[in-house]
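Next come the structures, one after another.
Each of the two complexes below includes chain A, the first together with chain B, the second together with chain C.
Right after this comes the complex of A and B.
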C-alpha cells in the first residue's frame, strides 16, 4: 500500500509539468494527424453530386475554432484534390455563414457552442467533424478522440444520413466506435 | 530361331523405347505446362492477395490503425501457404506483421513492387496506393511448391511410366501369344517340314482370325502336298516296277533277237553255202552241157551237109528239128550261165548313164530286126551309180521284153525314163505291148515263170529273174504294173530303200 501511495503522490506532483511538455509536443503531432485525417475523410465519404457542384467547383472545408489545424490543412491540401476538385480551406469565425461547405471541423475551443453549430448544419450535406468528448450527442458525424496517444474517431451514422452523406464501410472499419442512431 | 528371337526382342525393345519416349515427352510437356501454370497462377494469386490486402488495409494505414491492420492481416492465416506477411507504412517502417514459426525475419525495408522466387518461397511486395499517394507496402512471403510439385510429378511420372511399361509388356505378351506365337508355330511347322520332309505335320488352326485362316490354308496345302507326294511315290513305285519289267522284256527281246540273228546268220551262211553249191553245180552243169550240145548240133549239121542226098526228106526234117532244139537248149544254157554269172561276179560300181546304155541296146535290137518300126523315147540324163555290165544286162532284158511284147502292136512305143525326187531315182521301162494280168504279178520274177506261151512270144523265162537278181545285188527294188493289152511298166531302183525312200507313189504316177 505504501509504495502505491508514494507513486500516486509522485505522479500528482509531476503531472502538471509533464502534461505541459506533452501537450506542446503532442499538440503539434495531433494537429498534423487531424489535418491529414480531415483530408483523407474525403476519400471515404460520398457527397450528393448537387452539393459538389456548389462553390464554384471547389471542395470547401470550413475550420472553426482551430486555426492551427486550418493552417496545417491548408498545407496538406495545397497540391491535392478531393473528389477530383481543388480544395479550399475556409477559416470560420463566430457568426460566419456555414453555407456552401462540404466539410466542417469544429475545434475544441468551440465545444460549448457545439450544439448550436451542429443544428445549423443538420440536414445539410456537410460532413461535420469535431474533437470534443460526447460531440456525437450534439449531432456531430465524426468525432476525434485520443486513444493510447493515438488519434481515433467515432462515427455517427444518423446525422450523416440526414445530410445525404454516405460514409464508406471501409472508414467505419477503422472507426473506434460507430453509432447508428 | 536365334535370329528370330533377337528380332522379336529388338521389336519389343523398340516398342518399349517408343512408348517410353512418347510417354516421357508427354509427361514432360504436361509437367512443364502444369508447373508453368502453377508458377504463373501462384504468383498472380499472391500478387492479387497482396493487392487485396493493400486495398483492405488502406483505411487502416490512412488512419494509422494498427489494430484494424492486424485484423486484416490476420485474415491471411486462413491461407496456410502464406508463411509471413507484413505491412509497412509510407515511410517504410513495419506497421504490422505476422509470421509462422521458424520463418525468416521480415525485411528491414520494403522493396519495389514485384514478385520473385526465393528458393522455396515466393516474395511479393505491393505498394498500397490511394488517390495517387503511397500509403505503404504489403509484404507477403508464401510457400513456393514448384520443386515439391516437380518431385511429386516425377514420382507420378515414374509410377505412370512403370505402369505403362508393365501394361505395354502385358499387351506385347498378349499380342505375341495371340498373333506372333501362332505365326511362329506355323513357321516352325514349315521349317520342320522342310528339314524332315514330314508332310504329315499340321499347323494349329484353332484360332478364328486370319492366322487361323493362314494355318488352315497351310494345312490344306500340306494335305495336298502329302496326297500328291503319296501319289507320286506310288506312281514312282509303279513306274520303277514297270521300268524293271520293261527292262526285263527288252532284255528278253534283245536276247531273242540275238538268238534270232545268230540263227539267221547260221541259216544265211547255210543258205549261202547251199546257194553257192547250187550255183556252182548249175554253172558246171550248164558249162559241161554245152560241149555235148555243141557236138549234137555239129554232127547234125554235118549229117545234113554231108549226107543230104542219102537222107530222105523226113530224116532231114528231123535233123532240122534236132538242131533247132539244141540251139534253144544252148540259148537256155547261156541264159542260165548269165544268171549264175550275175550272182557270182563282184559288183564294180561306177557312175553310169543308163540312157546311153539303153540307146545302145535299142540300136542292137534294131540291127537284129531292121524291119520293125518302134517308137523309142529315151530320157536324157539318167545317171545312176551301178555296175555298168550288170545294168546293161538288166536293160537288155527289160527293153528286149518290151521290144518282144510290142511286136503285135500297130504303133509300138517304148519309153525309158527316170523319176527323181531328191537323191532318189526310180528308173522305168514302159511299153504299150501285151501287158499282163496284175493277178500274176508276184510270179513275174521267178525263174522259168512265163505268163505267155512260147508260141505267142519266144523266151526262156529267165530274163526277169536275172533282172531282179541284178537289181537286188545293187540293193534296189523292182516291181511292175500292167494291164492286159494295155502295156506294162517295169520300175527299178539301184540303191537300198533307206537311201532312196519309198518309190511307190512316183511309180503309180509313172504308170498312170
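Right after this comes the complex of A and C.
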C-alpha cells in the first residue's frame, strides 16, 4: 500500500510537470494551426503561371527561423499537393538564397531582420507570411496574430499586388483585417 | 519497486497528453479556413478530446453548419441535430423533443442559451416563438439526447440543448443582412468593438416577420407574426480569468387566427459569468442572471415571469485519477398569471424556488477506462428534494474509438400546469388542478459506440432503453370533475446514429438515423380520459442526409433531405422534405444566398390533427449579407 503522504508527494511532483505539458501543448497546437494555414493559403492565392513553372514544377515553401513549423508543414504536405503540384518545404538559414520560392514564412526569431528579408522579396511572386506584431508595416503580405486564444491573420494587399499575387475573396473574408497599404 | 512508479507514471502522463494532438495532426489541414480561424489554441486537443470522449449521446451543431443550412430561427437550426425530433406546428410554434414524448407542450427537454434556462415553469416546456438570438453569432449548439439530470437538473429527462454564442472578442466588426422570401422576411445587424486594454463588446438587433399559414385545403389562416430583438455581449480577460456580461430584449406578436385580438410576448434578460482557471486542473465558474418574460394571449391567459438564478461550479483534481466537480445553485421565480374565462392557474400568483447541489467524480480506473459517478439533489416547490444519480463508464480500446455505457435516474418535477391548472376559469370546475401530482420518473440505460476510423470518416451509434413511471394522466375525481394524476407508465427503446464522411476537401456528406419504439400504458385502476396519445406523438423512424459542397472558393451548395415517419395519433402522414441553399461570395465583403425549403412538395403537415393543423409550404428565401 502506498501511503497517503507518498501519494500527496507524488501529486505535488506531478502537478508542475502536467502544467508544463499543458503549456507546451498550447504551443504545439499553435504550430499545427499555423502549418495548416500555410498549406491552405496555397488554395486561395493565384500565382502568375510563369512563377509556378519554376522549381521544376514543385510548389516550394521556404521557412526561416521556425523549425517547429517547418517540421509540421513537412508532415502536412507529405501526401498533399498545392495547385496540383507536389510541395517542397525548404528550411532556410540566414544568408541562403530566397530565389525560386512561392511562399516564405518568417518566424518570430527573425523579427529584427524582417525589413531586410521583406525588401529582398518585394515585387517577386512570393507570398510572404509572418508572425510578428506590426509585420505588415515591414512589407509582409499575411501576418498571424493571436486573438482570444485563436490564430487569426491580417492581410496587406499592396505588397501582394506588387508581386502579381491575387488573394481570393474567401481568404480576405477570414482575415481579421485587410489593409490596402 | 515502488520508486519505479514515479517515472513510469510521468511517461504515461506525457504519452496521454501527446496522443490526442498527434491524432489530430492530419485533420487540421482538412479543416476549412473559417474553421481553422475559429480553433482555440488552448483547447484544440482538450476540447476535441472532450467532445469525442463524452460518454453521452452528444451531437454538436457548429455555427458553420447553421450558416450553411440557411436557417432563420433556432428551431429550424435544431433540425440539423439527428438526435432531435423537430416538428413545425404552424408559422411560429414547434414541437421539439428527443427520444419521444413530442408534444406542443413537450416537457422533458432542458434548453439553455449561454447558460440561461429558457423553459417556462408554467408547463416545463419552451415557448419557441420567444427564443431567438443572432444565428450568425452562434458558436455551436450542443445537443445531448438522453438524461442529463445529474449535470443539469430536473427536466433534463430526455435531453439537453445548449446554445452557445461566440465570445465578443471573436465578433469584432460589422455584419448586416437582409432577407426576404414568400414566407418570411427580416433584417439583422451586429457591430462588435474591441475595447482599449483588452476585451470586446458587440451589440445586435434583428427584426423578422412571417406570412400567414395555410391549411391542407389551401385556405389561409391569419397567423402572421413579427418579432424584434436586440442584445449585447461583452467579454473580458484571458483564460486565467474571463468575465462575460450579456443581455437581450425582445418583443413580438402573433395573430390569433380568426378568433380575435393578437397575442403579444416580450421580455429581457441580463447575465454575468465569471470563469477562473485557478490551476492547470482547477477551475471555478460563477454565474448569475435575471430574466423577465411576459405573454398575453387574449381569451386564454396572460403571464408575467421574473426569474433570478445563481450558479456555482468548481472543478479540481482531488487525487491522482479523480477529477471532482461540485457545485450548487438557487433559482427563484415570481410567476403571475392573468386568468381568463377559459382557464385559470390557481393561485394566480406564486413564488417558485429551486435549490440544488451536485457532486461528480470522474475516476480514471485504468489508462483507457474512466468511470464517472455523479449525483444531484434538487428541491422544487412541489415535491421537495429529488435525487438524480448517474453512473457512466467510458472505455477507449483505441485512441480513435470509444465504447460507453450509462445508468441514470431522471425526474420531471411538477410544473404549475400539473398542479394548479383549473378549467373553466370559474367554478364549477371541469378540471380541478392536480393536488396529488407527483414527479415523473425515468430510469435510463444507454450503450454507445463512437469511432473515427480515418481522418475522413467518423460515426456514432447509441442504443437506449428507458423505463418511465408516474406519467401524467387525467383522472376522474367524482361529480363530473377531473384532476391530473400519474397513472401512466411505459418503456421506450431505440437507436440513434449519425456519421460524417469527408469525400474531398470541398465535399462533406453527413447522415443520421433514428429508430424509436414506445410502449406506454395506463395503469390498472386509472380512469384516464386522454389516453397515451396525450403523452406524445412520435415517428418510429427518422432519416437525414446532408451534403456540403464548396463549388469554388466563393460558391457553396448545401443540400439537406429528411424523411420523417408517420405520426400515429393524431395521424400525420410520413413526409420527405428537401432543402437547398446556394451561396455566392460576390465580393470579399458581400455574400448573396438563396434557400429553397421543401423543394419537392407544395406543402406538408408535420404535427397536429388534420382538421385544425397548418401545413408547411414551399419557401424561397433570398439573403444578402454584408460584412466589411
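What we mean here is this: the second predicted complex is superposed on the first by the 158 of 181 C-alpha atoms of A that agree within 3 Å, B and C clash if a C-alpha of one lies under 4 Å from a C-alpha of the other, contacts with A are read in each partner's own complex, and residues count from 1 in each chain.
Convention: a contact is a pair of C-beta atoms (placed from the backbone, for glycine too) under 8 Å apart; a residue touches a chain by one contact, two chains touch by 3 or more.
The shown structure was predicted, so the numbers you read here are calculated from the model rather than taken from an experiment.
Residue contacts after overlaying the shared chain place A:166 against neither chain B nor chain C. Once chain A of one complex is fitted onto chain A of the other, the partner contacts of A:43 extend to both chain B and chain C.
By the touch criterion defined above, A:72 lies against chain C but remains apart from chain B after alignment on the C-alpha atoms of chain A. With both complexes superposed, C is the one of chain B and chain C in contact with more chain A residues. By the document's definition of touching, both partners, chain B and chain C, reach A:150.
Annotation: chain A residues 33, 37, 40, 43-44, 80, 150-153, 168, 170-171, 173-174 touch chain B in one complex and chain C in the other. Chain C makes touch with chain A in their complex at residues 2, 5-6, 9-10, 13-14, 17, 21, 24-26, 28-29, 31, 33-34, 36-46, 167, 169-170, 172, 235, 238-239, 279-281, 317, 319-320, 553-554, 585, 587-589, 627.
Residue ranges of chain A in contact with chain C, taken from their complex: 2, 6-7, 10-11, 13-15, 17-19, 21-22, 25-26, 28-30, 32-33, 35-37, 39-40, 43-44, 72, 75-76, 80, 146-153, 168-174, 176, 178.
Across the complex, chain B meets chain A through its residues 56, 58-60, 62-65, 68, 130-131.
Within the complex formed with chain B, the residues of chain A that make contact are 33, 37, 40, 43-44, 80, 150-153, 168, 170-171, 173-174.
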